[in-house]
Structure formats: C-alpha cells, structure tokens
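The following blocks contain the structures, represented as structure tokens.
Presented sequentially are two complexes of chain A, the first with chain B as partner and the second with chain C.
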Partner chain A sequence: MSWKRWLFGRRELTLALACVAVAVFFQFLSPYFLTADNLITILRNSVELLLVSLGITFVLATAGIDIAVGGALGICAIFVGWSVQGGWPLVVVVLIGPLVGTGLGLVSAFLIVQGKIPPIIATLGLFGVYRAAIFLLLGGSWISGLPDTLGPAVNTIIAGIPLTAIYILFFYFIGWVVIRWVPLGIAIRAIGGNERAARLSGVSIGRTKFFVYGFTGLLVGCAAFLYVARYRNVETSTGGLIALDAIVASVLGGTSVLGGKANLLGAMFGVLLVRVLQNGFVLIGVPSLWEQVITGGLLIGVLILDALAERSHAQGRPRNRGNAPQWLATP
Partner chain B sequence: MVGDAMISAFKQIRFGGLLVLWFVALLIFAVFAPAFFTPANFNSVLQFSTLLALVTLGQTLVVLTGGGGIDLSVGGIVSLSGLVIASLMKAGVPISIAALAGILSGGLLGSINGFIITRLRLLPLIVTLGTYYAYNGLALALTGGAPISGLPVSFGSLGQQSILAVPLHTLVLVVPIFLVMQFTLNQTPLGRWIYAVGSNEKAARLVGLPVAMIRLGVYILSGVLAALAGLVADSWLLSARPNIGDNLELLSLTATLLGGTSIFGGSGGLGGSLAAVLFFTSLQVGLQMLNVNSIWQLGLVGIFLIGSVLLDRMIRTAETK
Partner chain C sequence: MRRKNRWSACLSTGLILFTAGIGLAQTKPKVAFVPQIVGIPYFNAMEEGGKDAAEKFGVQFVYTGPTDTNPAEQLRIVNGLIDQGVAAVSLSVLDASSIDPVMKKAKEKGVKIFTSDSDAPKSDREVYVAQALDQDLGYTIIDELAKRIGEQGTIGIVSGEATATNLNTWIGFMQQRVKEKYPKITLLPPQFAGGTAQRAFQLATDLMTAHPDLKGLIAVASTTCPGVAQAIESAGKIGKVVGTGYGSPNTVRTYLKSGAFGFSVLWNPRDLGYLTVWAGKQLIDGKPFAESNSVPGLDQPVKYDSATKVLLLGPPTVFTKENVDQYKF
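After this line comes the complex of A and B, so read on.
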C-alpha cells in the first residue's frame, strides 16, 4: 500500500490532518487560536452538531435521511427549558430531552417503516409539523433567562478534560461499538447497501430502522439538553436547519448518502473541521456572515476532489450507471 | 377498458385530493372570513404565490428528471440574483439590462449545479446542499446582511401593478411560463425525453437520449426561474433582501411532492405543483385573515404532505390487489 493510499484512503485521517494544518495556519495569523480557552470554546460550539451528526451518520448508512432533526431538537429544548424553569427533579430534567427526542425519532421511523413513506418526504413533512408545534408550545415568545442550574453540565472540566468531550467520546464509542461489533451494525449497513438483499437474508428491516431513527432522536434529545445548558434560553428558531449541517458533516466524513457506509470518526472530524475553520476565520477578522460560505465551499471542494480522485483511480472501470439513488428507496 | 380507466382515475386522485383539500380550506374561509372572497384578496393570494410558483415550476422539472433530482439551492439563487439586479440598478445600469444580467446570473448559478451533478456524477442532494450554503451564504456575506433598497420607483410596475385584480407578474411571467412548460412537457419530444430520463435512466441512455444534457438543462432552467422570482421580489419590494429566498427550497420541494410528482422522477407534472402552490398561499392568506399565525400553514402543509403520500400508497396497494 503506497503512502498516498494510506494517507488519503482513510477519510478520518485526512480530515484530522486537515484540522491540524488549518490550526497551524490560524496560529500563525492569530496567537489566540491555539489557547486552551479557544479550543474548549470550539469544542463547546461543536457539541450539539457532533451528537446530531452521529445520528445522521447512522441514518445515512441505512440509505435514509432525516430533515426533521432540527424541529425535533427545538421541541426537546422546550421540554428541557420547561423542566428547568419549573424546578423539576434533576432526574426529570436530565431525562426529559432524550425521552422526548427518542419518541419523536420513533414517529419518523413509524411513518417510514409502517407508512412506507420515503424518508425524505416523511421527515420533510414532520419538519413542518414540528416547526408549527414549536410555535404552539412556546406561544410565540421565548423561554429565556433560565437559571444556571445546568451550567456545570457543560462547563465542568475534570482533570483537564472538559465534560463535553467526555459526552462526545461516550456516544461515539457507543456508536462505534454498535456499527462495528454488534450484529445490528451489520444490519444497518446491509440495509443501506441493498435493502432487498438484506431482507432476503433475514435482516429485520423494520426493527433496524426503528433503532436508527430512535437512536438519532435520543442523540437529538441529548443535544437539546446541552443546548439549553449552554444558552439558557429557547427560541422559536432553536434547532433550525441543523439537519443540513449534520448531513454536510457526515458527507465530509466519508459517509455516503447512498447508504451502506458509516464513518463515525470521519463525521466527528468533519464537524470539527467546519467549526475550526469558522472559529479561525472569525479570529483573523473575517465577519461571521461568511460561515455558510465556508461550509458550502468546503463541501463542494471536497466533493469535487473526491470525484476527481476516484475518476483517476478507477480509470477504465465501468461505472455503476442508471441505478436510482438508494436514499430515495422505499421500504 | 373499464379497469384501465379506473386506474388512471386513481392516479389522478392525488391531484383531485389536493383540489378537495383546497376546496375545504376555501369553504372554511368562506364561513369564517367572508372577506377572503374579494378581488383585493384574490389579488394578494396571487401576489404572494408568484415567487413560490416560479421556483416550484423549476423544482418540479428537476425532480421529474429523476436520478435523485432535487435543487436545494433555489432559495439562494433567488436572493443572489435579486441582489445582482438591485446592485446593478443602483450603479446606474438601465433596468432591462440589469434584469437580464440577473436572469443570466441565475442561469449561471443553476449551471454550476448542473455541471457538478452531470460531469462529476455526484448526487444532486449533496451538490445542491453545498451550493445551498454557498449561495445563501454569499448573499448574506456580500451585503453584510443588509438589504439594498431605494430602487427606482418606475421599476416597481412589474411587482406592484395589477390588471383586473390579477398582478402583472402573474400575467406576464407565471401564466405564460407555465403554459409554455406545460406544452413542452406534454406535446413535444423534449417533454417525452424528460419523462423518459426520469422513469428509466438506463433505458433512456440506451435509446440514445442525451441524459446529461437534459439534466444540465433542467438545473439551468431552475436557476433562471429562481432569478425571475428574484426579479419579481425586487420589483415588488423595491429592494433586494439577502434572505428573500429563505425556506423556498423546502417549500418548493413540498409543493412539488404534494402536487403529485414522484420523488423518484418520471411521473407527475406541473399542474399539480401549481395547484399546490395556490393551495399554500390561499392557506397562508386565509389563516392571516383568521388571525391564525401563519406558521400553522407550515404545519398543515407538513401533515398534508405525509397524508397525501400515505393515501397514494393505500390506493396503489388496493390497485394491485
């Protein structure tokens, strides 16, 4: 195996190196970049997206898609906000987000599995419903000025390691165990690769999809908890289009929207690269309005490089033409 | 014979279901907000519908050509080309040339989508997701988030004038464009090709259809139509807002799907999409008259979208039995 293949064949490694290179670049331009404070800030700004991207990576691996996660995050955040506001027991405050999130994820799964609706249509519809529900629940105003009871959950640093990093490592570890070491992980990738073949070889399509969307909902709920802990308010726009951000991160990380592949570490470094770039550009004086352009440019750039690399790599090999993309696939 | 007629009638039912929904909505408005049925209100429904109608016509064609066809960047193109037109006009360029430049820029932005998708054979969802960020972001970043306002009042005629309660832009843009596209889609070989590419790409390729060219073409057309929407918005508001196109991508996609076009491509049409757009805007305007927050429109549309697909599936299951 040549060094090129070794270096560029593994997406997570390429992205990690890109993160380092970008960090070194920004350090030259702004000495503040590589301080512990700033790095912790970057991490804290990435936490919600990291969790949602992990879920989206699972969903994409089954050749599905979930546009509704942003709306679901908003709804979960409202419940967490209420629980803090009402001074509910700590157990409830911690659990309500993940519980509501899992429930909403199962709704998506129900429509997709039982209703046999293509994931993109089901979750697009749910997105609209959730946005209206957020408005209804909030009554048009914001939940704001919450007490800082949840502050320690995001600000604590244990032995030099921020607690947020521990959450992320914990969930990504679980994700890795599932996708790599549990039969369920094989089922997930098998469904994404070829759903019919997976069904014929005895994979329970319904159960697997319920798990994937439910797990994503759980992560969305956790993200909502961390969101409320961090900002101490909930707006009608909370969650927004985080689904699209998460798809970008997963795709950057090497997960295909065609399904069958899941690169968890890639998704993690995908989020970090986007956030490092955004943070760095702000530090060197680029207005934060350029954030979206950076995200979009990065995605398009990586896609084009990828396609060109594959083209030179696979010269003369017939390409798989004419197959309908699987992310549209109905159950 | 009778069976065939039954099946084709069933296939129309989604379109029919949409009309029924629309009718029910109108009935509710008739009871609770009689003012809904005034020429002035008819005018405002059409006024609000033009942007979404133009964008949805493009989106429908993109989805029809299959291969995972989807254009998430339309909102960004609306905003960006609107800004191009406004800034040229502020620089003293004549209105017609500025408008033309805006439309060209829309076509250019659409062709960027089309080229990446067809040349590099990348998935439209991902490519237009990237350009969604790039175009929306550019519109925000280049203006610093502030609108370009103070356009010449004479430019407002396209967006503000009406003839017999029908807005001028509906008459000169939406109706003619719809008719031409509808004719092309149903009566010309090109239209057949679009359906053929959408329903079976492999077969279309084997027959010798220029699949890549057709796909490139629909993305360019989608960009041009989005630019026209930007032109109308500029002329209506006499200013260009960097976020005028926000949410148009999801709304136009929802209208397309609600209108009966299959997400897999190859079946559906423009009539349903246009009906869905009018349904949306009637709902929006009517709910406003009932003092219901217009966010409900989004929720209801979501429910209808899921409901219509469920209904469709049930009918198809019944058909095969």
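After this line comes the complex of A and C, so read on.
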C-alpha cells in the first residue's frame, strides 16, 4: 500500500491532519487559538452538532436522509425547557428530551417504512410541521432566563476532560459497536448498498429503518437537552438548519449520500473541522460570513477529490457494477 | 308545495342577510403589517399595538410574516397581501435592494405601501414609520456604553442577518459616533449570527477569547441578545465585559439582573405597531401628515419630516436593572 493510499484512503486521518494544519495556521495568526480555554470552547460548541451528525451518518448509510432533525431538536428543547421551568423531577428533565426525540424519529420511520414515502420528502414535510409546531407550542414567546439547574451537566470538567467530551465518546462508541460488530450494522450498510438485494438476503428493512431513525431521534433529544442546559434559552429558531450542517460534516467525513458507507470517526472530525474554522475566523478577525464560503468550497473540493481517487483506483480491476458494495456482491 | 316555498323564501332571505353581513364587514379597510419574522416577542408586541389601533380607528388588521428572516419569503407574503386586496400594507424591510418590483405592483393596484420598523429609504414607499431616529439609536448605545467602560477599550458587535437594513444602519451610526467622539475606543468589525442564539453565543465567546481585554459587547438584533448575554455569564466575564443590545425588557430582564447586560436600548414596539396602523388609516383616507401629529392613544405627539417622509415615534428608551420592571413587553 503506497503512502498516498494510506494517507488519503482513510478519510478520518486526512481530516485530522486538516484540523491540525488549520490549527497551526490559526495559531500563527492569533496567540489565543491553542489555549485550553479556547479548545474546550470549540468542543462545547460542537456537542449538539456532533450528536446530530452521528445520527445523520447512520441515516445516510441506509441511503436515507433526515431533514427534520432541526425541527425535532426545537420541539425536544421546548419540552426540556418546560420541565426545567416547571421544576419537574430531575429524572423527567433528563429523560424527556431523548424520549420525545425518539418518538419523533419513529414518526419519520413510520412515514418512510409504512407510508413508503421517500425519506427526503417525508422528513421535509415533517420539518415544516415541526417548525410550525414550535411556533404554536411557544405561542410566540421564548422560554428564556431559565435557572442554571442543568449547568453542571455541561460545564463539569473531570480530571481535565470535559463531561461533554465523555458524552460524545460514549455515543460514538455505541455507534461504532453497532455499525462494526452487530448484525444490525451490516443490515444498515446492506440497505444503503442495495435495498432489494438486502431484502432478498433476508434483512428486515422495516425494523432496521425504525432503529436508524429512532436512534437519530434519541441523539437529537440528547442534543436538545444539552442545548437547553447550555443556553438556558429556547427561541423559535432553535435547531434551525442543523440538518444541513450535519450532512456537510458527515459527507466531509467520508460517508456517502448514496448509502452503503458510514465513517463515524470521519463525521466527528468533519464537525470539528467546521467548528475550528468558524472559531478561527473570528479569532483572526475575519467576518464570519467567509466561513460559509470556505465550508461550502471544502465540501465540493473533497467530493471532487473523491471522484478522482475513485476513478484512478478503479483502473485495472473489475468495476463494481450497480450500487452493491463488494462484500455483499461476492458471497 | 306551499310549505316548501315558504322555507325557500326564509332560506333566501337568510342568505341575502348573510351576504349583506359579509359585505358590511368587508367595508372595513384592511391594513396589513409584515414583520421580519413572526413568533418573536418584539414583533408580537407590535402586533398587539396594531390590533389595539385597528379597533380604535375602525380598520381590520392583518398580521402575517415569514417564519425565518428570509427576504424572498417576505416579498412573497407582501405580494400575496396585495393580491388579496388589502387597502394598505406595511413591512419591516429585510432586504431594501430587492423591494422595488413589489412597490411598483402595489402602486399599480392602488394599494398604499409603506415601511415600518426597518426602512428602504431609496424606494418609492409612501411613508416610513420610524421607531426612533437610526442616528439616535446608534449614538445612544455607544454613549451609554462609553459611560460604563470609562470611554476607552475594545468593543465587539454581534449582529443578526447581514442583509437587515435597520441593523446595518445602526452599526454605521455606532461606528460614526466612535470615530467622532471616542478616540480611545476600538470598535471591532461586526460578526453576523443569523437568527439563532446558539451562533450568537459562539461568536460572542470567540470574540472574548480573541480579545481578552474586551470591554463591551453589543447584540444588535433582538434574537442575538440571549446568546451574547449567556456567553458573558458562561465565560465568567460579568463585570469585566458590559453586554448591551437592542432587546425588549422581557428578553433581557434576567440578564440585566444578573449583570451580564449593563443596559438595553429600545423603544416601545407596542406603540410602534399602534402608530403603524394609524399611519395606514391616514394613508387610506388620503389625509396628509402634519409636522406634528397628535395620535389618540399615544402620549407624545408624533413628528413628521416631509423631506424624508419619516414619521417618528420618539426618542429611544434606555432600560436598566432599576427601571426594567416597569415595562411588560
């Protein structure tokens, strides 16, 4: 294996190196970039997006998509906000976000599996419904000035490691186990590779999809909990277009929108790269608008490089016909 | 047979009365207001004022707008209102550069179109209902902030949408004031957070990291106030960084009390909504504005500048920890 394959064949490694390169660049221009405080800030600002991107990576692996996550995050945040405001028992406060999130995820799955609606249409519709529901639930006034009861859940640092980092590692570990070591993970990638072939080889399509969207909902609910804990505020725009950011991060991380591939570590570094860029631009005094240009350009650049690499890679060996991944096509 | 006739006579009389009723209801002219975004406390207060005025001056008030700060969506809504046959339509402009076609369409259809809250000064609007002079707003926030930081130091700005005319104009006057009056203050270039508290929080935190000696942070859009205040609290910079912004008392109350915000500058949006509907009624009736107008229901007389066609609500109010509890919007 040549060094080029080794370096560029593993997306997570390429992205990690990109993060380091960008970090060196910013440190060169601003002495405040590589400080413990700032790095923790970047991590904390990434938490919600990291969770949602993990879910989106799963969804993309089944060749699906979930646009509704932003709206679902907003709705979960409202419930968490109410529970904090009303001084409900701590168990309820912690569980209500993930529960509502899982429920909303299952609604998406129901429309996609039972309703046979393409995921992009089903979740686009739901996104609109959720956005409207947010306005109705809040009645036009924000939940703001919440007490700091949940502060410790996001601000605690144990032995130099922020608690939020531990949540992230925990969920990504679970995700990794599922996708690598459990039959369910093979089912997920098989569906994304070729749904008909997967069905014929005995994969339960419905059950797998219910898991994928439900799991994404659960992660969205957790993200909503952390959002409220951190900002102590639920505004009507909560969640916003986080779905798009998550798709960008996943695809940067080497997960294909065509399905069949999932790169969790890549998604993680994808999020971090986006957040490092956002943070660094402010630190070196560049208007934040430019960061969107860079992320957009980066995404397109990476996909072009991918296509080129694929082409040179494919020369000299039989083409993988159709969309089916190699490991599925050869029994 | 005869009985049947009687029933149908009753029915038709009822129908006629019913249509006449609708007809009567419809003679009340409609005045519409399109905010930059629905569902935020600021525009809700304007809606409330508009409703009160509509009742008082005998018009029907229509309030509808985009669910995110999207200029194209706003223009689509204005277009729809013109097609529905409202008598007057006002809007808080999101993007002044794309508004001319819809202004032209309104004129062609005989609909009075005017701006309120955020202006398109170069357009063909009938009047601009201004909350306070943009210059006063920009200057006041800088003057009050300078007082609190000892007239020297670095100040950061976190704004909302980069296309919002009103926000950009205020930032312009802030920069002008600093340049003219406070040589020892450095005003950083504005950062744009769009509509979310999360991004405002992120930008405010990053600005404090980039400038450890930062003295003040200005949240220009009301949507950015909670994020900026929260960032100051989380960074433990209360007392070191003075937060401020154009936030309504309900939005910033907790932050004024925690000390994250030193003060907030705004006008009463309820009164602004009230004045907007009154202005719409005047336009429909074809009554010209006088240099000073007394509007029933408003305490202060309202000034009108015929050169720029601006109707001015009054000077801005400064809200502090001490007086914020007097206001309920």
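The definition used in the following text is that the second predicted complex is superposed on the first by the 310 of 331 C-alpha atoms of A that agree within 3 Å, B and C clash if a C-alpha of one lies under 4 Å from a C-alpha of the other, contacts with A are read in each partner's own complex, and residues count from 1 in each chain.
Operating definition for what follows: a residue touches a chain if its C-beta (ideal position, glycine included) is under 8 Å from a C-beta of that chain, and two chains touch if they have at least 3 such contacts.
This structure is a prediction, so every number in the text was calculated from the model and none was measured.
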Fit or clash - chain C, chain B, common chain A: clash
Touching partner for A:A122 - first (chain B), second (chain C), both, neither: first
Which superposed partner A:W142 touches (first chain B, second chain C, both, neither): second
Chain B versus chain C as contact partner of A:L289, first or second or both or neither: both
Which of chain B and chain C A:L111 touches, first, second, both or neither: first
Partner chain(s) touched by A:R131 [first = chain B, second = chain C, both, neither]: both
First, second, both or neither for A:L258, with chain B first and chain C second: first
More chain A residues in contact - chain B or chain C: B
Segment of chain C intruding into chain B (one of 2-10, 92-100 or 236-244): 92-100
Doubly contacted chain A residues - partners chain C and chain B: 131-132, 135, 140, 287, 289
Chain A residues touching chain C - in the complex, by the definition given at the top: 30, 32, 35, 37-38, 41, 45, 48, 131-132, 134-135, 138, 140-142, 144-145, 155, 227, 230-233, 235-238, 240, 278-279, 282-285, 287-289
Chain A - residues contacting chain B, complex: 65, 67, 111, 115-118, 120-122, 124-133, 135, 140, 244, 247-248, 251, 257-258, 287, 289-297, 299-300, 303-304, 307-308, 311, 319, 321-322, 324-325, 327-328
For the chain C and chain A complex, residues of the former touching the latter: 37-41, 44, 67-68, 162, 188-198, 201-203, 205-207, 209-210, 212, 223, 226-227, 230, 234, 250-251, 253-255
Of all residues in chain B, those that touch chain A in their complex: 66-68, 72, 116, 120-123, 125-127, 129-138, 140-141, 144-145, 200-202, 205, 250, 253-254, 257, 263-264, 293, 295-296, 298-303, 305-306, 309-310, 313
